[in-house]
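Here come two complexes built around subunit A, the first alongside subunit B, the second alongside subunit C.
So, the complex of A and B:
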């Protein structure tokens, strides 16, 4: 039985209870919460933002960050819709090209991080501006309208209250969990996140782990961008522009450590459900939409303060992984 | 000319080569900036006009001040992702104080700086109390501050600022195309230079940045240094916000939302270590001027604004990559 690193049962249980309570409160206070349409819309937002959060979680599990998730998602959506609308490419080929582009963007991040050893925060901040700039340079901030109807109708498709695109997210989430917890490379990825120097000295393929994690992150961002394009029914250049906060909120509330080594898939899922509930609740009670941003900030702080029992992780990050690993080596 | 403020440089000897490399890097930055000025003077008509130089230098002054706000946080090995949020919120606060409350600009400016200081203190208290790293704390507080600002102002801009406030940014200094905002930035730069070179607080900040654990064990009050540093970062972000609303003649709710890259680019180009312990005030000034020169010049030669974004991202990559090379050559990092 493989040990599920980073899945703190207490935390996940706590989040589950909060989620269930939130659903109960919402369905009592605002009966329209349980309406088919509301569940469909909320489920659709959740399907997309969960992929965004998982894209960040994969890289966090390495002890790195990816600030370019949103701009990869935006660029992919623009390239896909541009290929279909302007050049008349068939839908499947355009989608495959877009998803490959997402993987390529992720590989670029991973190779640059591994090669230059530049702090991943700064590196992906820089590449995020490159990707976003290419997006806007191509589109001049004008959307590609009239994408093929197969795509836009997929964005509206549902089975009962369940959006069809949720199937994509569920499959990818299960595959990701399986990869991280069961596949050798996934385990190696967590090992590298736990202690890069030890992993290197043990002969683990550190470079392959780093590039793989960033490639998966780019792929998940690309899928999220594609789904949002389908939902909006057009290739919006602004896709992904607001993803930085949710991408970190999910894994951090879900119990990920910035210092790496943990990949709380279940915690991230439950945290994103909570964020969707807050989002939806505020819409249903007609609150000022700006409250969402405020409450997510409060939620991150609250969750981290509550979960700061993992003081060792935080100290390791504060002191820097390099110094910490050097100390461990000299011990 | 001793342009670097490195704690390690005092030790001399082993590190002198790295200090030399840093001087050379700063000189190279100066040459690159001068090269761009010469290039744009020839290639872009109107680059050297008084009007263009005035707006270029004023833009540079704001970018540099934004960079300073991040630089002080970086000096202790922290980050402040809330620089834009604090700058935007204090800019809006000043707009509200002047337009709605009718306070005189001087009073509004002081209040806004105090708000920036307090928001920075808030960041620091959360960091020191909870021992959560500055990235998460300031990511969360940035969201809290911007959210609160939007809720309170309903995202409505303050566009009727008093003329005495907005004309300040339009004045010329001694007949030269230099806005008083540039002088404000230079005064801030001089103060920061003095802080890091001559004051014990500045040296303590660098010590905390170089090795927080060692600083704590040497009896430094790390929490006090963190508190003062983030307070200073907040006040500098507020200064940048005030400069921006003076230059824009309006306090807009989107102010600060695009400061993240700018805040890192100038210090990073200028040789400030992202891991802490080493800052370069002149480097940040030069970095900001280079940034503003490139943005301004590319616009004048009719390059799309969007591609300038790509260019700035690449510049940041090159700057940090160069920084790694410099450190490797200097032997600071083994």
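So, the complex of A and C:
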């Protein structure tokens, strides 16, 4: 069954095992890993970066990419905080406006990709400069401080060690999975990603699928930007600037095919957990901060290579692929 | 190099024997042999799916044979990669051009071994100088410095031949070289090939066009369903009818299909349809419960006709009536949802299926919109309930509905690509080459399925270049040639009689 979702069961299980081992190792090596504060901070980063990764996964499932996720997130955070701080808009209205803006940015990407037939890599690279440029033009690189306290306290709120904002991410992840696997438009989107010609020849609306995927991507980027703004307590113009690598690392380690057609939600979640553990581990063991970026890059590179070439095979083998297929036969 | 065919020219240069190649679910080649002599042009004939391109891929090291041997100048060889075949002097000119359009003629010819001077800088003067003799050898009238993108198709072909020759090719395989060039250019190409023959090159000429074989070739090998229908015949010793018989086969000993009800009222009427300046207006009528066969060789315009009927290619003239009502079909979705027309593409892997996705998804793709409940949600149970009858009717064999379609055999893949239209309750099915690349047993099963569909009231437009298939399945047969219907006949299902009258329409 998971074939449809584009991920071998072995890969997801392999990632789960590695995640659990990573947690075990970290909790033994550094007792502070299990501290409430550390779990809260790590969980908050994960909540935001998972949305970033899912924003990329949706577009990858179409066989395209979105390099403007970070600048959409940044622009949305700026617009929301600007509307609230500078113009005194009520919080809910400012947030709705910001999320709509994210969708609009995504729709612009989707419509342009469909209309111009320009490769999505080039096109979204260009729009990322446009969105980031508007951000810079508005802010002159100065943050909007003093956003309403409802927002900034939401960014600090927690239930036990769990950040409250994780609830947003969990709900959106479940909704996205349901959308992609069981909702007409989601299925159409995956079909277009799997084989655009066959999808069109089966009467599917290709353009709508393309635009929808980009719109969802823009929406998720907007939510991620909003959450990061809440966490930081201010509208930082640099929000989203470092999202490119995690956005690709999650889906790719999680088993997405760059050629499209697969949307491994569970794999992406587990991969982002792994990346958060790497990130957190480096902080906890006091890695030289100037070398952290190198280490993260190298570890993610290793995870991508391992995940794509070996992990799935090894785990499928260990699990006994034959037993699995016999079960399927008897269904 | 003398101009006279010498005794040397007759020596066997390449001999393959007992070649077998199997792909998942299909035996592509079975005990195939081919013998090539220096200084001869050897025609390789066969219908679509007969195994010609598989054989060429084996000769050029793209595929490895499962069994059999290849002898080059008497010594047994194995080509592990296209590179090693090239090194042994075997080159191929493919149907699709393998040139880099932005590069010049000379750069393309010397692509793998661009001359350099000092510091690995490309020596442009040397490229043009070194390429010139090969350009002259194929009498290409283009400067070495001209970008390939500015050449005609026929000239590009000459560049490929020049490139092959410059690689010291002693064996040159030409895959349908005349498919896309004008008759005038064909004459020119033939003079070049004749010249190469006199230079003692061994040539393989793949074509569908029999007249070209008689004009150009010395010997001929015919493949049918992955086997030798004939091997190494002298062209002078056969006539066109014999070759046709070899290519399309005698009526195989197959069961007669059971009787089915007579076709009912017309469901699809086409009058004077054109899509292209070459079209001369196509008219046909398909009735309820009928299998209407359209026979024609590749390039006759059959697939264009099919795609025009489902709105994929724009009609430039003529009229289509569906169930008596004039229709203007704008695309697949409208064809299916308003007119209940389904199109089973000839190319199931590229156009019919999403190989990575499950049998379930590939079958229900046409009905997702119909299945939604609570807004947009598709319930798994409803989905399975909607597709299982079609999958059962067509006897699709898979472990489960979740198995990915790419792992099914060719026959089962084809059944899935028909099942999706049945699930969508299509009443008119346009089925383009349903059994290409499918082995004979599964082929017979697919034929029975298509027949059953018609017996149960579906109307089938069967497009095929497989004559036994058309004669076995159709109620009526239309013969298509050069973008026009050149004949219409009721089918008696008597193979000899029907094949003769079809051939009469074609010549």
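We take it that the second predicted complex is superposed on the first by the 284 of 331 C-alpha atoms of A that agree within 3 Å, B and C clash if a C-alpha of one lies under 4 Å from a C-alpha of the other, contacts with A are read in each partner's own complex, and residues count from 1 in each chain.
Here, a residue touches a chain if its C-beta (ideal position, glycine included) is under 8 Å from a C-beta of that chain, and two chains touch if they have at least 3 such contacts.
What you see is a predicted model, and the numbers here were worked out from it, not measured in a lab.
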| item | value |
| --- | --- |
| Which superposed partner A:271 touches (first subunit B, second subunit C, both, neither) | neither |
| Touched partner set for A:136, first subunit B, second subunit C, both or neither | first |
| Subunit B versus subunit C as contact partner of A:291, first or second or both or neither | first |
| Subunit B versus subunit C as contact partner of A:126, first or second or both or neither | first |
| First (subunit B), second (subunit C), both or neither touched by A:57 | neither |
| Touched partner set for A:172, first subunit B, second subunit C, both or neither | neither |
| Which partner, subunit B or subunit C, touches more subunit A residues | B |
| Contacts of A:118 with subunit B and subunit C, given as first, second, both or neither | first |
| First (subunit B), second (subunit C), both or neither touched by A:189 | neither |
| Shared contact residues on subunit A - subunit B and subunit C | none |
| Subunit C residues within the subunit A interface of the complex | 312, 331-333, 335-337, 343, 345, 350-358, 360-361, 365-366, 368-369, 371-372, 376-380, 399-400, 402-404, 420 |
| Residue ranges of subunit B touching subunit A (in the complex, touch as defined) | 77, 79, 126, 130-133, 135-137, 139-148, 150-151, 154-155, 211-213, 260-261, 264, 268, 274-275, 304, 306-314, 316-317, 320-321, 324 |
| Residue ranges of subunit A in contact with subunit C within the complex | 1, 3-4, 6, 178, 182-185, 187-188, 190-191, 194-195, 197-205, 257, 261-262, 325, 328-329, 331 |
| Partner subunit B, residues of subunit A touching it in the complex | 112, 116-119, 121-123, 125-130, 132-134, 136-137, 140-141, 245, 248, 252, 258, 288, 290-298, 300-301, 304-305, 308, 311, 314-315, 317-320, 323 |
